Every structure is written in structure tokens, then in C-alpha cells.
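Next come two complexes built around subunit A: one with subunit B, the other with subunit C.
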Partner chain A sequence: MKNNKYEMTIGIECHVQLATATKLFSGAKNDSREAVPNENASPIDWGLPGMLPVLNERAVELAARLGLALDAKINLASRFDRKHYFYPDLPSGFQRTQLYEPIIGEGLVELPSGGKVRVEHAHLEEDAGKLTHVGEKTLVDLNRAGTPLVEIVSMPDMHSAREAREYCQELQKLAIYSGASDADLYHGNMRFDVNISVAEPGAKKLGTRVEVKNINSFKAVERAVEYEFKRQVGLIEKGEKFGQETRGWDENKQKTVSQRSKEEAMDYRYMPEPDVPPVRLAEGFVDGVRAEMPVLHTVLRHEFLKIGLGEAVVETLLDNHGLALRMHEVVGETDAKTAKRVADWFSSVWLAAEVTSTEIPSVAQLLELAEMVAAGELSSTAAKEVLLKMSVGSPRAVAEKLQLLQVSDEGALEEMVERVLALPAAAKAVADVKAGEMKALGFLVGLVMKESKGQANPGKVQGIIKSKV
Partner chain B sequence: MKISDKEMTHLAELSGLTLTKTEMTNLQQDLERILEYVSQLNEVDTEGVEPTYQTFDLENVTRADVPIDYGVTKEQLLALAPEVKDGMIAVGGVL
Partner chain C sequence: MKLASKSVSAVEMVKEALRKAKAASEYNIFVNLTEERALARAEEIDAKILAGEEVGALAGVPYALKDNYLDLKTPTTASAKILEEFVSPLQATVVKKLEEAGAICIGKANMDAFGHGAFTENSAYGVTKNAIDKTRVAGGSSGGSAVAVALALDIVPFAIGSDTGGSARAPASFNGIVGVRPTFGAVSRYGVVAFASSTDTVGCLARDADDARLVMRVIAGEDARDSTSVNDVYYQPDTPRDISLDGQQLRIGLIASLLGEGVDAEVVARTKEYAEKMKQAGHEVGEVDLPMLQYAVPIYYVVTSAETASNLARYDGVRYGRDRKGDSFVAETRRRIVIGNYVLSAGFYDAYYIKAQKVRTLLIEEMREAFSRFDVLLTPTMPFVAPKIGEKAGDPLLGYLADLMTAPPALVGVPAISVPAGETAGGLPVGVQLIGWRGDDEKLLALAEQMENLTKEGVYKGGVA
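Then we have the complex of A and B:
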């Protein structure tokens, strides 16, 4: 997507659902993945008259956690405003959000490729219900109404589709690793609004801003940016004027489509929310949240690269929270060489076998397994087999059960070699080796391995054959 | 304090109201008078004054993150809706 004549500028607003048990202002359950429509909607979520919303303290904590993960300032004083609009997904006629005094101030997200994206602010707000359009009717499910969201607003610091995607992926990892959100895109835990403008490089004024709303996958973020860049450059080249507008991403057609122009943008008539008193956090609150902060992927990325893991392996591990955390423990318990072996098992064996639903082996199991390979008790191939079956026992027990332990006992090996060398099938090779034909040695080792059903230590076997012949 | 017809239409739209011409005219006059009255407040210098979020000085009214049984069923709540379809509130199409 190279076009030297034009440069694009991208800013992203990202909605993250917080992993609370209940909603932001009501005690209705937050997780509705298994619920029937309207099962988790309390009278508060219905916006019934006389209902009093009460702020969920856990949502405040998780928002602060996410804020710290964004390397942002946590504002000790924050408060809620009403944002009014009439639409069936919002029974009260207004959304509670934080327009003027958000809980999270300026932050910074560093991209693995080296770029930096500043966060302008992030605020707490409630989600709206879900609408389904059936024929002439629109059906309303209020299970999602009132779900706590943090909206993260970036500065316009990105300039390519790849950067936009990278930023969104970093946000997802920050949300997951901080424990603020499940950040499951499939279940709509994260949604992206992407603002894109195009101008000549170095232009003093940014181009006309177009917002593509409600994107729910990383790939779609990337594609939408690429599409908008081409579309806007096309319009500029043709000399066509275009105004600010909101567009949507059509996944089937792989293009953005106009939704409404900003000229007729909504007038939200914000006002202070009188039902929810302001939040004033104690000085020690943020320290408390910081103390409970789980290890972030940014720390792990640095740690894994430092022990010499390749970038691709590191990113693969980081994409799998459970594996990355286990890897972190392993790194703390052993040397770099062993840790690299475990990383290889995770990235090329464990993930390839798609056994992620079963329990990840413990540090003790992993280290014992690595130890057995290092000591020549298990071949590296056999170790991979054992790795996938350790849920039933210790590596040694599993290896024994599967008869994968290498025989390294000199006496037993010598006996086996003697037996094989005496076989008629070995006669020619034995003669060849005696004549200095070393290729035949490999053949003999192969025979012994076959005899041992793969359990003999090939290095030792070779030595013994040499000494015998 | 004058409110234009265009502003009235815009306000009605924002409020989701469909008004007859008479209602529109009456409301327009009412609103103009209300604004006239309230506009006296403009005489007060509010430079540097914080907006009022709370009149009782309440702060940090929060609850623990534990599900609450509000003692009302989904069926009772849905019965409040003018129309229900497939367990959902049915309204006029908005697409």
C-alpha cells in the first residue's frame, strides 16, 4: 500500500468490556454468553423510572488496572455524564459515560515494531443493548445494556494499516494480561472505531476525517484502513470534495459503506449524571491496584527475547496467555538453554497438537522432561510424545508406560549389539565396516535401533559397535 | 428568546417526538418563555465555578461486584413492553 504522494493518519477508539461479574451500575450478571435474551437485565438496565444506579467498585478497579497497563495516569477524581440519544438499544434515553473527567488520563502504547501510540484518555461507560432486525420489526435484547466498558481513545499517531492492526493487538494483550477483560473478539469483548484521514506528506492540516465504526476483528481493521486509504486517495485525485462521515465495514464485500454524514451528527446534550456521585480515589488506591497487577506481556516479551528466543516464537507464546505465563515460570527456574527447549515444545509441539484445552504441564514436569532429554534418557522425538501426555502423570511414568525410555545401560546395550552383529543380515555391513566403509556403520546402528524398538541410545550404540567391530 | 422553526424540528427529532403543527407552535412559545426565564441566570458570573454533579456532597457511592436479585422476573419486565417477540422487546424497525 505504498503511495508516496499521500500519507494517512489514523486514530483509534477501542471499546473494551471489563471482566466483572455484574454490570457497571446494576447487579445483573455481566456474562450473557449462555443466557437467553433479556435474562440478565435488571430494572436499572431497563431504565425504569425511580431506579437508582450504583457504581460497581470492581469496574473502577479494573479500569484503573487497564489504565496502568496503558502506562497512563489514573485520575483520582472522575465523574459521569449523561449522553442523550433516542434509540431502542438504550431504554433510558441516555448513556452514562465520562465526557469531562475520565478516570484514565494520557498513556502510551509501544508497538513491537518500534512505533509509539499515545493514548489521549480512556473512560468508563455503559454499553447499550443488542438489536436484531427481523422484517419490519426491531427486537431488543437488554442483556448487554449496562455492561461496563472502557473506551480507549488514541492520538492520531498511526500511519499504516499494519500499525493500526498492531496497536489493536497490543491493546488486546494489555487487556488480557492485566486481567481487565477477557478481550475475546469473537464474543464482541472488543470493538474498534477507526478514524482515517489522508493528506500530502508534511501538510499542515490533516485531511477530512472518516470514521469506520464497530470493527470487531484485527484483520478487518487492517483491511478497512487499506480500503479507506485507496478510496480517499481516489477521491482526492479526481478532485472530489468529501465531508466528514461515519462508515461501516462490510465484511462480505470487503469495503466500507457510508452510514451517516457528520453534518447531521447527533446532538447529545450532555449533562452531569446526578444519580451517580463523583468518584474520588484515595491516594493509596492506585498503589494497591499496581501491587496486584499481574505480569504484562510487554515484560514477558522483553524477558523471552533476552534469553534468545526468536521473535516469531515469542509472539506465538504471547498470543497464548496460559503458555506465556508458564514459560515465565520456567525462565525463572532454569537456564536459557532448557527454557529454549521448553519454548520450542510449546510453540511447535503443544500448539500444533491443538491440545490447549487440556492442562498445561507444570514447571516441575517440564523441567524433569528436559532433564531426561539432556541426560540421554529420552530422544527429542520421544520427549515430544511424552509432552502431550503428561496430564496423566510424571514424565518418567509416562515415558515408561509408552516404553519410550532410551536404554543407555552399557551392559544391556552391549548384549543387544552382540546379538545384532551375529545376525546374517548384519554380516555384509560388518565386513564393510572392517574394510573401513564407515557408511555401513549407520546401517548397523539402524539395525540395533530396530531391535530395541527405538529405545536404544543411538550415540552409545555407535560407540559400542565401533569397539566390537 | 426566539426559537426558530428549524430548531424546533431538530429538537423534536432528537427527542423522538412526532408533533402536530399546533403542538409545535404551543411548545415553541412555552420553550421560548422558559428560556427567557432561565436566561436570567446568565447574569451570574460562573467563571471558574465547577459544574454541579452533586448537591449532597456525596462521593464514592459504590457496591461490591456481586449479583443482586431484584425480585422481579424477566417475564414481569417483558410484560411492560408493548410487544414481545422471541423473548425480546419488539419495536418498529429502525433499519
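Then we have the complex of A and C:
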């Protein structure tokens, strides 16, 4: 973001919760969305004396996947460190993280708008528990303690709120499409720490860095950046000096609030984790992860744009993982024209109907449906209705059951047209058409359609009327 | 050590052990006796024997368990008040293995709180007295475990201790028994209250090498719950006893620098005699110099204090029923927490912790090189015999220097055992330390047994025949 006098520089740290079955160092269940507090916490998560961490291999795999999605180098040698601080949600008194030797090296994220954001590194670490303050008391829930996270640390390559938001959204898609995470923001699967500094354009040194921690929505990322830019510019204009600090985002007040200054920064007394041997990956391990890598949205974006879909439709599809994957299959099976028709169904019909809970139609169903429309057996309006009900059967069966099939049989149509033209209500229009007033033709087609309860093929009906009159 | 004759029942053996433990209460060996659970276990074993079922290698054998091991529904204090109310919901792998072998724990043995000490004077539950001389310390930190085995009253034939920097070997030396520190990782640390993770090992105390070997074979092996554990250091319990020595002539390296200043003359004399006896047994004895050893104690106190500060951070006053104030931690534990946090803090980390780890690597390389020339290294276990209770208590540095010989193997991760090497003129036991390279545990025990067999009694008494 720029006004004429100032430029903003943004770097983002993003925590992504990995979609493992169990935690990073214990056998407790990772997914606690349905759990009561402390149901999914093992003695290792409680930090009981004598308990030892055992690294979850699946977490390493998923981290590597995310790394490959970030177009990053996977470090074959990495290790864990202990980061110490006292807090009631951290039963061991330290968090296991990778300070010195992270599993993921430098990477790159390309934004749809064309920008590029370099990833400095990304590392594995465990989450802490959750505290709930109830009056005088504080309740501790350790379900989240030990949850595997990957923290992705970007370089300070962003300069606007929009870019910051875009970057976060790209990370979410990379996490989802790679299968590394559910990346569900509502359930806190992703959290963002945004570092913002403001300086004059071209200044040799960046301005004072302010970190806004723990943001959990894209909108809030954007708002927080906008707010901080204005706030910091305001301070600079007033000639006020300010130091490095950590701030939080107040959703209700839509502003950032100070949490602690640099002077209050903690000394984490990092130490190599002696209970977890260093991680040593074989080359073959990374190749295996690469081989199992699902198709990424960046590939799909390119593919969809290439067949001529509009940018807005493409992004809408990519926002819906299941639909985008189905679309990918459709593109592989048919021509661009048909694929576009399916894309239109998905973006304007399927999503508008909010049927996300039901199963997405199969490629075979979609292609059959498209073929029926192309063959004139189904009107495009009727096709949309069939689309939403295909979970119960083939498009033809559904169309038949709903009596939506178009009558295209020449003989049947001729008979019907003759019957309609003979009606008293048609007399004036017939005369008008004969007199060359083609507007009346539409009226006659309408009458036939009504007679057929909408099932006649209007194109054919028009042709027959012309030839009869 | 087995219930081989079947002339006594497990219940009788356990009752007898408990009776003796109570009779010896003035020695302050146990923090807790686990009487009820022990008797119930003994009845189970007897029922199995009666039914002709398979019982393990240690069926019915009572033992003492150092109080830093978790056992089901049993208080585990690590001799610290902060854990006074902690009752473990879990069982350490070692305890489980012993249970499967039929051994029966009769009580949790006293220790220096969290292992912080070499004399068992730093227990929140009082000093444990030496088995030979009640006015002297038991050694530590596995003091209770050692005295339970060493006392003439014969309470238990073996005990489980742990050894972070000498905690099994020091009390073995002071009480005239065998104390084993295995290769790092040979025995699972799962369920052991952590002191310093990179040097914590599970050790045992026994009257002779043969008993110690049986116990180590039972408890050793890889454990999925401890990522640092490994297989194949010890043989299976039913493997013949002398398999690893097999009549071979060993090259013994006597570490000359550890026989000089600051080491009691009588300790030096007994060690030299032991070396002489090794020659008579057909081994080759030479002197070896390891200059890095002079840094072992400083490295040890930097590294293990850092790790203990970290491991003890969990006792933060929120859980375990006590806050961190008052007597929750003994003075020595507080001291090590402070030292540990100091060496890890910003600005000091490189100067202390990192430097110590670098020197540790040099020590490892130096010892690796020594083992290319020698099969076994020989030192005294302790620089002195058991001091009077309170004698060294005023100055923590005196206690730290007691680790002069026991700390190096701990830092390198190699096995070391303390075996009896006779006594002083005043009748106090002297122990010597046999050090092997990683994985040489069986060889050390075979050598110790060979040395024991050179005497009629089967226990090395010192002197040259």
C-alpha cells in the first residue's frame, strides 16, 4: 500500500495445522472438533514426568508435502529444539519447534495477481493447549496441545493489504490441495502473524516492525494491515518515535491493540531437544512424497484459464476443492465447450444452490447431462434442475422422472403444432405470421410449449410452425 | 538369584524382604514401601508356579526401585516434595519388563531429589546411611537402591537405580557392590523421571556381576516409546554367561591422570592392585592419557543443568498439587535450575552451552581414539571412599568434583560399571570403574565376573595373590 509519501512492507508468519490422525509426538487424536475438553490429550501431552515424545512420521510426510507445494527445498536433515516459557497451556514448560534446522527451506508463492512472495523457511512445531477464562477461574483444555503445525515464514515481499490477503489465501489453497491440512479457518487450522513496517519509498532501511499476532481470517488480515499502515503513518507524521512491538487484532473494535513491547520480549532459552533424535530423510522419502502429491490449485488455475474460463469463474471453482477436482476430470474427458458448460453449472448453479453437503455429480453424469442439452433433449433451464438432483440417478432417469425431457420427435411435434394452430386462440397470430409479422411466431411457440407442459423443443417447434404456416 | 529350588514361595520371599526393610528403617532406604501391591504380585506368581505355568527369569525375586521410576498407582516423588502428591497412572518400561520376568518391587528407594547429587544427602526425605558405616553417606543419587542390596541384612538381591553422571556407580562403590551404567539407549527411559535427557540411563545395583547381567538382560532392548533406545546391546536372559569374553586377552588402559592429586592414596593403591590382578588374569595393562578429561566435570554441569532446568520446567506450580516455593525443591535442585537457565539464556548460550557441547564432542573423539588402542579403560569409581554424613555438604563444588571419573562415560554415552576392589585399612569399600565403548556392556560384565572368580569367595576382596 502506498500513499505518495510512504511505502509499507509486510512479512507473514502462518501456522498451518497438519491433517494427521494423531499428534506430533503422541498417539492422541488430532482432530478435536467433536471432542469434549481434554478428551484427546495423552500423558505425553500432559507433560507427565517420565513421558517421552515419539515423532509422528505422517506429520513429517505432510510437512514435506506442504514444502513441495511451496516449491521449497526439503531439508533431509532437520531437528527439534525446545522453546521455553511458562504458561498454563504449556504443561512441559517448553514447546518443541525447529529453530536452527527446519525441515523446509526457501520456497516461492506466486500470487494470482502476478506478485511473488518468497518463503524464507517453514518448520514443524507442536501447538499449545487452550485456556478459557471463566470469572476468577481459568480452564485448561489440552486437546490442542501437541497438535502438529507447520509455521511458514515469508520474506518481507508484500506491500499492500490486498497482497497480504492474497498471499494468505494462496497458502490456504496450497495447504488444502496438497492434502497437508484441512486449513479450516473457522476451526483455527490456520493463524496468521503479520509483520508490518512503514518507510519512505526507496528508503535504505525498513521502518520499525510491528507484529500483529494470531489473526484468524483473511478479512482481518486485510483490515489489520490497513489499520496499521494508517496508524504508523500517523505516528511518523506526528514525529512520534515508536519501538518494535507485538499487537493483537480486536475484531469488535476493528483495530490493533498493543500486547507487549520489545523490552518485554521473552528469553526462550532454546535448547536442542535431546529426546527426539535428529530427523534424517532419505532422498527416496521425498521422491515418494512427490509421487503422491495431489494436483495443486496452481496447476488447475492454469488449466482452467487455458480452456477459456473467466478469471472470476476460475477463482470460484478453486475456492471449492471438490468442484475444482471434478472440473479437472471433466476437462480431461471432453472438449472446451462442454467443459465451459459444466464450469457454468458449478459456479452459477451448484454453488448458488448451496448443495455443498451432497455429493458432486460424477464426470459421467455431467457429460451425459451436457450431451442431452447439446442434443436438444433437455432445455438449459431443465438441465440446471436435473443437475441438482442427480444424486438419485442418471441425468436421463432424473429428467424422465421430473418430466423435463424435451419432445424432439418430429411426428409428435407436428401433431402437436397442428392441434395448437387449429385453436381459436391461435387464429390471430397465425394471420399475423402470414402477414410477415414475425413477433407473433414467438407467441405461437409459447402456446405449443404450454400445450407440451414445457417439454417440447422450442427450436424445432419454431421450424415446424414456420413450415406449416 | 532365582526361585529355582521352589522350596520357598514368592510370598515368603517378599514377606521376608519387607520384614528386613522395616528392620533396617534407621538407614532410611525407602521413601515408600509398596507392601500391598508386592504381596498381591507374589500371590499371583505362586499361583502360576502352582498351576505349572511359565514364570520369568526373576520369578518371585524381590527388588528395590529407585523413586524416579513410575509404577502403576504408586507414588513417585523422585525424593522431591514437589512430587509428594503425585501418584503415577503409568508404568515405566523397565518396571513392566521386570514384572513380566516375575520380579517383585517391594518399595521405592530414596535418592538425591531428581538425581541431583552424589551422596543421597539431597533427598527431601532425609539422608540414606551407608551400609557398611552408618555415620557415612550411601553415595548417590541411587543411595537407597545401593544400600537395599549392600546391607548385610540382605534385603533384596538387586535394585534398579539410574545413572546420569555416576548415580548407580558412586553408591555401588561406597557400599562394595556392583553398579551398572549401560550404553546410552540400551535400556528404555520411558517412565523415568527425567534429570538430564542426553545422559540419563537406567542402571542396576547387584552383589555380583552375574546377577547384574541377568537384570540388565531382562530390562534392556529397544522401546517404541523411547526414540533414543536401541537393540542388541545385551544378550537375551537365557544366553550363557561368559559368551562375550571367551578367553580373550583384553587390552586394559589405566587412566593415569585419574590416579594423581585429589584422589585418596588408598583408592589409588586398590586401583593399581586391581590392574595388577588383571595382568595375572592374562590381560595386557597399559597407561592411557586423556587430556580432555579435565573438562568433563565443567561440561557435565553445564549440559546436565541446562537439561534439568528444561525438564523440571513442567513442575510449574500449576499441577502436582504444590507451588514452587518453600521446600518444593531442595537447595541443590534450585541451584541447578538457576545454573541451567543461566547457561541457556540469551547472551550466554554460545559461551556456555554451545561451548560445552563442542568440548563434549572433543571428549567423545578422544575417547573413541583411546578405544582403538584399548578394549577397556580402568579408573577408580570415586576419588575417595564414602565421606561422613555432612562432611561435603557445605560446598557443592566438592560434590561436583566427586563426579571426576564417573562423568566422562556419561557424556560420551559409553557403558561403565563400578565393581568392588577391596577396602581401605578402615574397612571402607573401594570401587573401580571399568569403561567400555558403546555396546561393550556384556564384555565389561564378563570381565568383572572373571575378576570375581579369581578369589575363593567369588567377590573381589583386594590385595594381590
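Operating definition for what follows: the second predicted complex is superposed on the first by the 467 of 469 C-alpha atoms of A that agree within 3 Å, B and C clash if a C-alpha of one lies under 4 Å from a C-alpha of the other, contacts with A are read in each partner's own complex, and residues count from 1 in each chain.
Just so we're on the same page, a residue touches a chain if its C-beta (ideal position, glycine included) is under 8 Å from a C-beta of that chain, and two chains touch if they have at least 3 such contacts.
This one's a predicted model, so the numbers in the text were calculated from it and none came from an experiment.
Peer 1: What is the contact status of A:82 with respect to subunit B (first) and subunit C (second): first, second, both, or neither?
Peer 2: second
Peer 1: Tell me which touches more residues of subunit A here: subunit C or subunit B.
Peer 2: Partner with more touched residues of subunit A: B.
Peer 1: Quick check for you: in the superposed arrangement, does A:38 touch first (subunit B), second (subunit C), both or neither?
Peer 2: In the superposed model, A:38 contacts subunit B only, not subunit C.
Peer 1: By the touch definition at the top of the document, which applies to A:411: first (subunit B), second (subunit C), both, or neither?
Peer 2: Touch partners of A:411: none, neither subunit B nor subunit C.
Peer 1: With the two structures laid over each other on chain A, which partner does A:133 touch: subunit B (first), subunit C (second), both, or neither?
Peer 2: first
Peer 1: Touching A:50 in the superposition: subunit B (first), subunit C (second), both, neither?
Peer 2: second
Peer 1: After lining up the shared chain so the two structures overlap, which partner does A:59 touch, if you call subunit B first and subunit C second: first, second, both or neither?
Peer 2: First partner only, subunit B.
Peer 1: Looking at A:276 after the superposition, I want to know if it touches subunit B, subunit C, both of them or none. Which is it: first, second, both, neither?
Peer 2: both
Peer 1: Is A:267 touching the first partner subunit B, the second partner subunit C, both, or neither of them?
Peer 2: In the superposition, A:267 contacts both subunit B and subunit C.
Peer 1: After superposition on the shared chain, which partner residues are touched by A:239: those of subunit B (first), subunit C (second), both, or neither?
Peer 2: Touch partners of A:239: none, neither subunit B nor subunit C.
Peer 1: Touching subunit B and also subunit C: which subunit A residues?
Peer 2: On subunit A, the residues that contact subunit B in one structure and subunit C in the other are 43, 46, 48, 54-55, 84, 86, 88, 140, 267, 269, 274, 276-277.
Peer 1: Contact residues on subunit A for subunit C in the complex?
Peer 2: Within the complex, subunit A contacts subunit C at residues 43, 46-55, 82, 84, 86, 88, 91-94, 140, 267, 269-271, 274-277.
Peer 1: Within their complex, state which residues of subunit A touch subunit B.
Peer 2: Per the touch definition, subunit A meets subunit B at residues 20-22, 26-29, 36-39, 41-44, 46, 48, 54-60, 79, 84-88, 100, 131-142, 266-267, 269, 272-274, 276-280.
Peer 1: Quick check on the complex: what are the subunit C residues that touch subunit A?
Peer 2: 68-70, 76, 78, 83, 86, 88-90, 92, 189-194, 196-198, 224-228, 306-307, 309-310, 312-314, 316, 318-319, 341, 344-346, 349, 353
Peer 1: Enumerate the contact residues on subunit B facing subunit A in the complex.
Peer 2: Spelled out, the residues of subunit B in touch with subunit A are 10, 14-16, 51-55, 58-70, 72, 74, 77-78, 80, 83, 85-95.
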